[in-house]
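Structures given as structure tokens follow.
You will see two complexes here that share chain A, one where it goes with chain B and one where it goes with chain C.
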Partner chain A sequence: MIKLTETVLNGLALGSVYALIALGFVVIFKASGVMNFAHGSLLLFGGYVTARLHDAIGFIPAVLVGAALAAALAGLVQLLATRGLRGAEIHTLTILTIGVDVLLSTELNRQVGADYLTMGDPWGADVTRLGSITVADARIAGIVVAVIVIGAFFAAFRWSRWGLSMRSAAADPEAAALMGIRLDRVRLIAWCVAGALAALAAVFLAAFPAPGLDRTTSQIALSAFPAAILGGMDSAVGALIGSLVIGLTAAMAAGYQNELSILGAGFSDVAPYLVMVLVLLVRPTGLFGSKELTRV
Partner chain B sequence: MSPPETEAETEAGTLRVSDLHVSYGRSVQALHGVSLTVPQGRIVAVLGSNGAGKSTLLRAVSGTLALHRGTVERGTVHFDGVRLSGDAARSVAAGVVQVPEGRRIFGALSVEDNLRAGFLGSARRSRAELRAARERVFAQFPVLAERRRQAAGLMSGGEQQMLAMGRALMAAPRLLLLDEPSLGLAPLMVQRIAEIIHEINAQGTSILLVEQNAAMALELSDRASVLDVGQVRLEGSSADLAAADEVRRLYLGETYETGCASDANGDAAYATAASAPSVTGPGLTELGRWNG
Partner chain C sequence: MSSTRFAPAAAVIAALALSATACSTKSNTDASSAGSDGVKTGPGVTEKTITLGALTDLTGPYASLGKSIVNAQQLYADQLNASGGICGRTVRITVKDHGYDVQKAVSAFTETEPNVAAVSQMVGSPVVSSLSQELESKHLLTFPMAWASTLLGREYVQVVGSTYDIDMINGVDYVVRTAKLKAGDKIGHVYFEGEYGENALAGATYAAKKAKLTIVGQKIKPTDQDLTAQVTALKQAGVKAILISAGPRQTAALVGTAAAAGFTVPVLTSSPGFAPQLMATPVGPALEKMLQVASPAPAFSADNPAMQKLAKDYTAKYPKDLLDPGVVSGWNAISVLGEDLKAACKAKDLTRQGIAAAHRKQSRLTVLGVPLNFSDRTKPATYQTFIHKPAKKAPGGLANVEPAHEVPAARTYTLPKG
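Moving on, here comes the complex of A and B:
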């Protein structure tokens, strides 16, 4: 029972970090129709900036600068796509993000090398004991920050001018343009928001009990892809639920790997994809996806 | 006669399209030198069949050509003496707002959010102004107030057309562009939409009305142009056009022989359309499509 509670808490912590990544992924897809395959390296970039700066300027400013620079870089990718390749097909832009990913991850791998970079977070390796349950402080912090940030995101999505512009533009870009909504601006902000969320996720992916930020962190971020797809790709709520499902699945598969050893070591890496496939078999559009996923 | 006006005065609130050439891609020329004027406070109709260039003309005015990969090759669009350069947000800010063909409301959003979206492009920002704009629209369309929390996609076609018009009115346009507002609506609802267009105009908004329903358009409008393969074929006062043989034959579903004596009266146009099924001749097949 203790183990189950701990595993569920770990799963929720992992799921809320995935949610930060998956939300950004979905926001970009909703706004511009592009699947951003550079999301993992954007995340690594934000984390790298934080890791390099925290000694000099402190943890929280470093996180903010990391998020700001990741947002700027994401915005730059979007500007490159719309200004440089004006009128290009959405598929072309999706391929472009793969190119951006290759460039970014190559350079970041060179910078990071074989090291584990610490984030300088205040939680370190501390744990909190509630009765006989032990949870890493960094994970609790991850859940709290994710709940606040995601809450703010949904509030903005529901009530702010940007949120309404975003939902209108996603529903019907031409009709939104006729209302005077600037599609380029909505897309640019969407990319920036997604970049900032990814940088924030990097901090918690690299925090205890992970050994730190290294070049595989961007691959861990890939687990957020099945979360977004599971949720339906164009639904923010779906991305949130999908992330929690994937987080719990991964934590369960890792926590009970001895019991699951018949499936082979490393099953927890595969489990999210397995869940995704099973859900898509029953609901081909994902949990909350719109029926028609092709965009004009 | 009023004293001679300066040029600035005559341009106030006037839409002036001059010698507009528009093409899609490299090869498809959609407009060949179209000129058209909508004076302040007037209703001007543009008639024409499918592919005549009506929607292209509206796109050039509302600044959405680029979304369809269309470009203005020659000619200009001016509103209120200011050149509209093909940027949709600028057209809206200048007071030119289009209600798109097929309504294109945001179906998954609530009626209220649709109206809020219509307010996004206007220069006004405050909550009080938003509320005032919404109250005006609710006064014009009480049904929208009743359904404000409902998902817009669940409303009937006529109600959706009202929402599309209400959404455009949220930006307080000085010129409203209407693209086929009667499309796919039952005859009674077409009559209701026509009344609403008349009311909106009576409150001081100029209207450029693009229609295939020529009877409705000619009844409502002061002047009209007939577009054909990207050129203005006929232009004149709506009463004159309603009486013109060519228009009657091509757009009102009549043969030369069955002309009605009181053409100048707008009601006659409606009566003609209503009695048209008994008329034989080349116009009949087209009429079926308009009423469809």
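Moving on, here comes the complex of A and C:
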């Protein structure tokens, strides 16, 4: 029972960090139809800024600056895409993000080098004991912050003007533009939000029990990819549920690796993708993705 | 059918024919000649220089390790040249970065191979595997920066130091003695898929069987960052100690998570699983408390003049760089090669075959205080392992806890066939 509780807690902690990343994927996809392959390096960039600044200005300001700069960088990518390549096909823009990712991650790798950059977070290596279960404080903080931030995001999405514009832009860009919604601005904000969420995720990915931010941290963004697809690329709720499903699946499959050994060692790496494929077989647009209706 | 449709095909055939002839002119690199000083020379050796090749990773996943290896080897070459070089020739190293990409490595090899006498480092097991046939046919003595015992048994590929499986056999013995494990106890082994992890697992399994212990295996990938699930599973299984054959990041994640869960069992890794950079992170104190490192070389802080001199010289030349395990690996390999070159010079044969023959005669070579024997290519050069402990203040982040030791099981263990 203890093992189950601990495994579920791990899965939730992992899932909530994935959710921050997957939401970013979804927001960008919803607003501009682009799959942002540069998300991993945006995440690394935000984390890098936080890691470099926390000594000088303190942890919270460093996180805010990291999020702001990552948001600005994401916005810059979007501006480049809309201004520089106006009229380009969506898949061209998607490929553009791969190029941005290569450039950005090469430079960041050079900057980070062999180091493990610490985030200077207040939780350090502290742990909390709940009966016979021990959880790292940074993990708990990760879940709490993710819940608050994601809650705020959903509130904004549901009730703010930007949320309304965003939803209408996603539903029908042409009609939205005709109704006076400035698509460029909606998209710009979407990219910025995604950048900020990624920077926040980086902080919790690098916090204890991980040793710190290093050049491989950005690869975790890839794990959030099945989460976004599983939930449906254009559904924010889907991203959240998908992330939790993926987080729990990965944790369960690794935690019960020996019981699952009949399926081969290393099954936990495959499990999230297996779940994704199974869900997509039944629901091709993901759990909450909108169905595409075409009249012929 | 019009003749224009043949034109492209003809062009392709012509190009193929040209490239085929281009290849065939290159393969004639074994030609040797005697210089004016009566020393027979081959590719990579001129009247004034001896050129060595280095195929390394300076931009990929092992970039930090690659940099330390390159630095250490350059330091050795500089010192060697300052003391007169080999046979009056200056030693040069041509470094090529492949970023851990086998395709790039193969082209870099094709480019440098005709002009080098030996290869002082080759990073990456996949690279070594894909080039091993070529190395044998070109008689090119090569020092891989990988320590799987499956690499043994080849005439021209030489692993320096103990192999992963031998390190684990000695390491398990240390854990059994110090943690007072009894027959029937369980030990966990978290290991990378691929050569490194599986070779280490083979050694650990053998040692565990000898000590009547059971291994609880957890296979992971180099991209795995979070080992919470693995730690939970090992804790649940009730293991009394954990072995980890992975990268520094995974070691830190494992020890950090175990410490956070109040699961403070001894953890043992081998030198690729540790980096001094970890000591400055929040996991540092937990590493000091729980981790042991099985290493083929003494720690920089050990009472060993050769190690201390290397630490001093390295820090003087590269003040910004940390003393990581790459420094030792790089230095070890090129020191052996340096001695081979000296012996080949004495025998007046600096051809590739001459260097390799001189190498195979080295049966009593001491590098950094470790005796090495290369006379039997099917056996590791040493069966000894040092045990270190992380220490924040020590140079290289490690302090010696046990001098080199070798357990009888290391000799009775059957080495896997490569």
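The rule is simple: the second predicted complex is superposed on the first by the 282 of 296 C-alpha atoms of A that agree within 3 Å, B and C clash if a C-alpha of one lies under 4 Å from a C-alpha of the other, contacts with A are read in each partner's own complex, and residues count from 1 in each chain.
Methods note: a residue touches a chain if its C-beta (ideal position, glycine included) is under 8 Å from a C-beta of that chain, and two chains touch if they have at least 3 such contacts.
Keep in mind that what you see is a predicted model, and the values were worked out from it rather than measured.
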| item | value |
| --- | --- |
| Chain C versus chain B on the shared chain A, clash or fit after superposition | fit |
| Contacts of A:174 with chain B and chain C, given as first, second, both or neither | first |
| Geometry of the superposed three-chain model: angle at chain A (Cα centres of chain B and chain C, steps of 10 degrees) | 140 |
| Contacts of A:182 with chain B and chain C, given as first, second, both or neither | first |
| First, second, both or neither for A:160, with chain B first and chain C second | neither |
| Chain B versus chain C as contact partner of A:129, first or second or both or neither | second |
| Residue contacts on chain A - larger count, chain B or chain C | C |
| Chain C versus chain B - closest C-alpha approach in the superposed model, Å | 35 |
| Contact residues of chain A, present in both the chain B and the chain C interface | none |
| Chain B - residues contacting chain A, complex | 62-64, 67, 69, 88-89, 91-93, 97-100, 104-109, 113, 116-118, 120-122, 167-168, 171 |
| In the complex, chain A residues that touch chain B | 87, 161, 164-165, 167-168, 171-182, 290 |
| Touching residues (chain side chain C, partner chain A) in the complex | 59, 61, 63-65, 67, 193, 216-221, 223-226, 228-230, 232-233, 235-237, 248-249, 252-253, 256-257, 259-262, 275, 277-278, 280-283, 285-286, 322, 324 |
| Interface residues, chain A side, partner chain C - complex | 2-3, 6-7, 10, 13-14, 106, 109, 113-116, 118, 124-125, 127, 129, 134-136, 205, 208-212, 214-217, 219-220, 250-258, 265-266, 268-269 |
